[in-house]
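The structures considered in this document are given below.
Note that chain A is present in both complexes that follow, paired respectively with chain B and with chain C.
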Partner chain A sequence: MPLDHNPDKKDFKVVGHVKTRPDGVDKVTGRAKFGADMFAPGMLHAKILRSPHAHARIKSIDTSKAEALPGVKAVVTAADFPDNPDLLANEELVNIRYNVMARGKVLYDGHAVAAVAAVNPRVARQALKLIEVDYEVLPHVVDVELAMAPGAPILHEDLRTNGEGDEPTNVARTIEIGHGDIDAGFKEADFIVERTFTAGAAHQGYIEPHACLANVSGDGSGEIWCCTQGHFMVRDFCAQICGMEVSKLRVTASEIGGGFGGKTTIFIEPVALALSRKTGRPVKLVMTRDEVFRATGPTASSSTHIKMGCTKDGVITAAYAELHYQGGAFPGAPSDMGAMTAFACYQPKAVKALGWDVVTNRPKQAAYRAPGAPMAAFAVESVVSELAAKIGMDPIDFRLKNAATSGSRSSYGPTYSDIGLVETLEAAKAHPNYSIPLGPNQGRGVASGFWFNFGGQTAVSLNVNIDGSVALSVGTPDIGGSRASMCAMAAEELGIPYENVQTIIADTGSLGYNDVTDGSRVTFASGLATIEAARNAKKVLCARAAKIWGIPEDAVKWEDGCAIPAGPNAGEFPPLSIKELAAQAGETGGPIAGHYEISADGAGPSFATHIVDAEVDRETGRITILRYLIVQDAGKAVSPTYVEGQMQGGAVQGIGWALNEEYIYNDKGLLENPGFLDYRIPVASDLPMIDTQIVEVPNPGHPYGVRGVGETSIVPPLGAVANAVAAATGTRPQELPVSPPRLLKLMKDQPLAAE
Partner chain B sequence: MTHSHVTTTINGDTVDYLCDAEETLLDVLRDRLGMTGAKEGCGTGDCGACTVEMDGRIVCSCLVLGAEADGRSIRTIEGMAKGEELHPLQRHFLEGAALQCGICTPGILVAARALLEKNPNPSETEIRYWLAGNLCRCTGYDKIIRAVQNAAAEMRGESNAA
Partner chain C sequence: MAKVVLWGSLSRLADGRKEFDIDAPDIGRMLAALGSEAPKLKPILDKGVTVSIDGTLYRLDRFKTIDPDSEVFILPKMAGG
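Take a look at the complex of A and B:
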């Protein structure tokens, strides 16, 4: 069914004016319930024993002493997660089960080996020390290039590249995208820049560690409360891993204390479920920060080779990339996303991008805000700025000259619908920040960025209450203020005040399946479904008014929260408000509701351009961010201050990745910085205010023109910061993070002329 | 295991509890007293999500033993609003979109209140350094700093507080 889209709608009454979020008061008073904030009568506490080795064969596990400790109620190991046909049919799920609990071999420092449930956390911790694991330590590899090299330690004997070949390998997948004649493109170029870049593995760094409470009844049905970006995913994965019927497991999403992609999979939920099943009691499992760093997903680290050429007039003729991404112990590094996004801001005549997905002895990577894109953009945006400098063109003018436009063919294949990259570049160029004079040791960097945005499976249920207020149930956990946006879109469509709509994240037993909150999809897809559900409810409301008035249904229309006769021929009746219709629902046909289910497409990509001014301390190597500007296309900003918040938060995560954040391994393959002291995310005193400008180029795929905004903002910062440092020092950083020791070494080893 | 009997004051109320020697004040607040407003983000004093006030000083409650609270006066996020009336900081955080996921918010509010009680007119730099021990991963701090500035202006009685 074609949707009635009117992305040029301008007369918004609620959308665009949202002030406060419905979850806000509970969050400022401490009442909001996060993953670890739930308790159940008779609850046990669980702890997980983790591998102290990067790579080792498990020869034996003896849990008898732990089981004998007073207060210990159960111990589980891989043996408690037996094979079942549904599981074995799904390779990804088999890997997730292996990641959740090691079987045969441990594949990284921190890999789960066993778990204990006990009367309190202290007894559980004590019990872990009594579990005896006999390991045969194996050679390990944590670096992507070393993992690809001949003779590298092999993680999975049965892994073959793209499922083909005879020899075991650590290269799980390769991908190639592109079009045009790449060799001819480079022949046309007057200037070519070719460089290799590396970016460290950054962790999502959500402040709330993973937490869950599982409760299995004697009849085999169970419940899980947990912090997750997708409780339907938790239900389905857990049920299949634990051999349960999906309908017997109900999952409720708690408030979520940050996710950024890192909570789009499971780590501890099946473990708590298995322990609860074994003990017949509720089991709470909360990760420590050390566990979060060692055993949940950071993003992939990367090694990226870029070659780009342009004419002396500034036309990019060819763009080539090789992206080596390691994604930890299992396949799934987003080298495909890296390859597709690398050149998505531009229109090179010829483009080719090759991606490698490589396994190493590190924790399995998880999605992190625009997964795969920031590290590719770091490399590409560095080269783009270098090309601009080579031909003496302003870096924004150079980008404008080559920018992807509405109707142009994207570098990854499809043709763009209406997009706003040019608008962001023009607004950035006109912004006062771009002309502020710089002092010594200061540099200005520009970078643009792209993210696809997702749609996906979405179900929404909207119910009109007896007083005319509205209860809206969505199935996508709110990680960025989406409940406020849903309230706004429902209120806009129904013509009622924002305050009259309450949105909840319904549990898995109350609503149809919803994909996880990822890909910046929620305000777009759940928003679209909310609008359509409201339209369906309006049809019911109009039908009820028709019944009351005794006129045909199509003689009634909905306006400003009331049913009114559609025209003079319909007869003269005073408007019936949603409140009046709701009060009579019992006599006119029963409860009034609207539902909508969709597999949404048409998400509409979002582009951004960032400008950063940085100052370098040549003595200490410290880089200070002086000012930062984000210009991003939001399509239509439903809640402008929350859109700004998404833009600012993403940019600061990117600044952290560029300047400080990375996983540091020692020669034994053990993570050396699994804590916030040594894995240093930006703190308040590191930063200036973050300037924002929202551009609105309506997305034709959404009734109100909305685009996702959450992820694009982390794509440009790595390249923007690197370009600022290059401008300030005359030395181009090719390794991120450009931490103080790295910058000092760089300035010492490779003094270059200023670009 | 021997328990300690502790008598302390929390948000003005006298509270008695028993705790193990190794339980932190944060464990006690959350697991024994049901006060889950303070959060455990790290357990090592690096993130500030568990910030409470003890005898007028902000502390990471994950670094204080439950037994150490004996005879002290503790203030937590649960005591910040007076009934339905939010503290100006809470209101400005809400109105200024200074929170997203909200996990760091209780700790930041408790820390910011302590700052404003000590220094009613802090500069942006003073706010940034005072809150440097409270990690927020969502906001980039911009709107948090502005909310503290606006709340401070209102509490000083300046009418132009946004």
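Take a look at the complex of A and C:
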């Protein structure tokens, strides 16, 4: 890519010094518009009827009584989402349609069966009760090991492992990653640890439920307002599922109250769109919290077997993993990502990781920060710390001895370029937190983590306003403060104050396609495109100055927000500021703008090391987090406070996953804790201030050296917390969350099992 | 001629071969050549894979150049959250 890369650039004036957030005032004063905040004249309200069974055949649906209820304007079922050639050519989209509205069978408790649009929410709810569904209840399975066992209830009669074989199965895919002679590696080992770990399915726990407003016109064109991590994705998926031309659908992303990966797909938007098309009126659809838990995508739950060996000097000789991930009712559990990331922090001589992607009668999993990695890291980091303890080596020294480095071969194959794991380990070891004395029933845990980071399709548009201020349009919803970073990078390039740039998230009609905000990609990819768009705008600005001065374009350069002669031979001209050039734009050639479109690659992986101190109450089983430190490589922190926020947020979500969060099903396969009262996420009063330290090892793939930071921070906490609990109690948690009842049982079953 | 390495379980669709020497100037042509040499791989390659060239991951860019001495890995299609 033709970029002027200078990742070692140090003299930033704006980047690295961002103080204010552009969306801050509206968010703290309640003016910001989220998914449920849009209204339209004549708007109807929609509600969805959901399956009360984990697995059942739909024998019939009778909507006549509901349709006859005064105030009801339309009812839709799967029949309102007919096949079309574009849809059928895309297996993933066929599954998304099935997930959006059940057809033939319901596959989990909460699966959508029908939807009603009515004049108000009360009538819509009443109508749901009048829809008669005749079910034939089928045997169900919600546990990954049971779903893999012979004789398990089968969800999809046409599913074959890797598309091969004659017998139906619940194992959608298998994968193997690795290199080296694994048997020889274990023979070389002086110590071997082998354990099996499980981690529950955690929900992203975004505070804002899914919400949208769809409005289809009489001419067949439509618009959707919704909270999403990717409105271009919403447009394309909805158009294909509803059989519309993409150009006839415009989607605007609202402010978003959290996504964390869970809003990288669709659940309700096609339903609202179909109801609006049927009624000819705007339709608003807002999920309840119960629906969010039962029918959107938590992460996969996992059962992971790990075997690792090391020499008495602390060199890991072999690393082996079997990862069983259940991803709910449709294929897609990220066992491949788990297999690739499991040992990515280390360089064992021999490594082998096997993954299974398994379907069960649970809601279809969705991405959750570094999907697939945290549960694998939990298992691996637990064993790594146990190995270190076995040979009497400090856990950070053990990790340093085996750490992946620039130029080493990654466990998933390729050779690493510039990476910063060693820097995070060294900084963690030197941090004061690592030497604070601990008291009784207290323990310290260490863990490291890795995430790939990604780029993706990105388009931005930068316009210079008449007063020299700048309007920047990006197509990636801001889920973590990216607007501030975009403003900073545009200001840095143009040499103007940060406050003179305003960034908006443009709708799908205003920009080229943008991939969803995922993979920690936005500061990297949209930032890269912003820098290039600003550089293109600078070329236009310099060309205008050249015209005004009557000299060649290449005799003008841009410096500190002004066009100036490039050298003494260009002539003597006073600088022309962006404000002066903008004021004359109409008479010098028209509006001044810069654009950039790219499929960005080269995101550069990020590593982190976490240290946690925990205290165990031996009577109640409660675990209190006393201290928590995150050290993470950000490449270059454009907005350091936002980077710290991302690091802290990921750690807190990981702590919740480790201590409390899990989907609990009863013997009928029904979710028993679909609410924040029974599904306990950490709140501010549960935790200490999370300490952070940013390490900057520049990413050679970005002009300023930026790496994504949004996902890596959730990878180490599960292992770090488990290691702290093991150190505090002398017993090793192998089942997460290590909730109070589990910890009490663990301490009772394995008292004083020394490690 | 670049050495192209398949992820572990992909080799079962290539008669057990894990490595291929392929002379191709860019990712798109490399994948086409790989699909011709091991036809059972083609459906997987067509569905989308991630290509690592000298340690950098490429998910989309078919025209990314491959040098003759590049280290090339074929990895599963990847996504984040």
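The rule is short, and it goes like this: the second predicted complex is superposed on the first by the 752 of 755 C-alpha atoms of A that agree within 3 Å, B and C clash if a C-alpha of one lies under 4 Å from a C-alpha of the other, contacts with A are read in each partner's own complex, and residues count from 1 in each chain.
Just so we're on the same page, a contact is a pair of C-beta atoms (placed from the backbone, for glycine too) under 8 Å apart; a residue touches a chain by one contact, two chains touch by 3 or more.
These numbers were taken from a predicted model, which means no experiment stands behind them.
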*Check the residue A:206 against both partner chains and state whether it touches chain B (first), chain C (second), both, or neither.*
first
*In the overlay, answer first, second, both or neither for which of chain B and chain C A:701 touches.*
second
*Given the touch rule stated above, what does A:412 touch, chain B (first), chain C (second), both, or neither?*
second
*Classify the contacts of A:685 with the two partner chains as first (chain B alone), second (chain C alone), both, or neither.*
first
*Regarding the shared-chain residue A:28, is it in contact with chain B (first), chain C (second), both, or neither?*
first
_Under the stated touch criterion, which partner chain does A:260 make contact with: chain B (first), chain C (second), both, or neither?_
both
*Using the touch definition from the top, say if A:84 reaches chain B (first), chain C (second), both or neither.*
neither
*Which parts of chain A are in contact with chain B and also with chain C?*
260
*chain C touches which residues of chain A in the complex?*
174-178, 260-262, 264, 334, 336-337, 340, 352, 366-371, 410, 412-417, 451-457, 518-521, 599, 601-603, 701, 711
*asked:* If we count contacts the way the header does, which residues on chain B are in touch with chain A in the complex?
replied: 1, 20, 22-23, 27, 30, 34-44, 46-47, 49, 76-78, 80-81, 86, 90-91, 93-97, 99-106, 109, 124-125, 127-129, 131-146
_Can you tell me which positions in chain A touch chain B when the two form their complex?_
19-21, 23-34, 36-37, 39, 121-122, 204-209, 255-260, 286, 288-289, 479-481, 639, 641-642, 644-645, 648-649, 651-653, 675-677, 681-687, 689-690
_Help me check something: in the complex, which residues belonging to chain C touch chain A?_
5, 7-9, 52, 54-61, 64, 71, 73, 75-76, 78-81
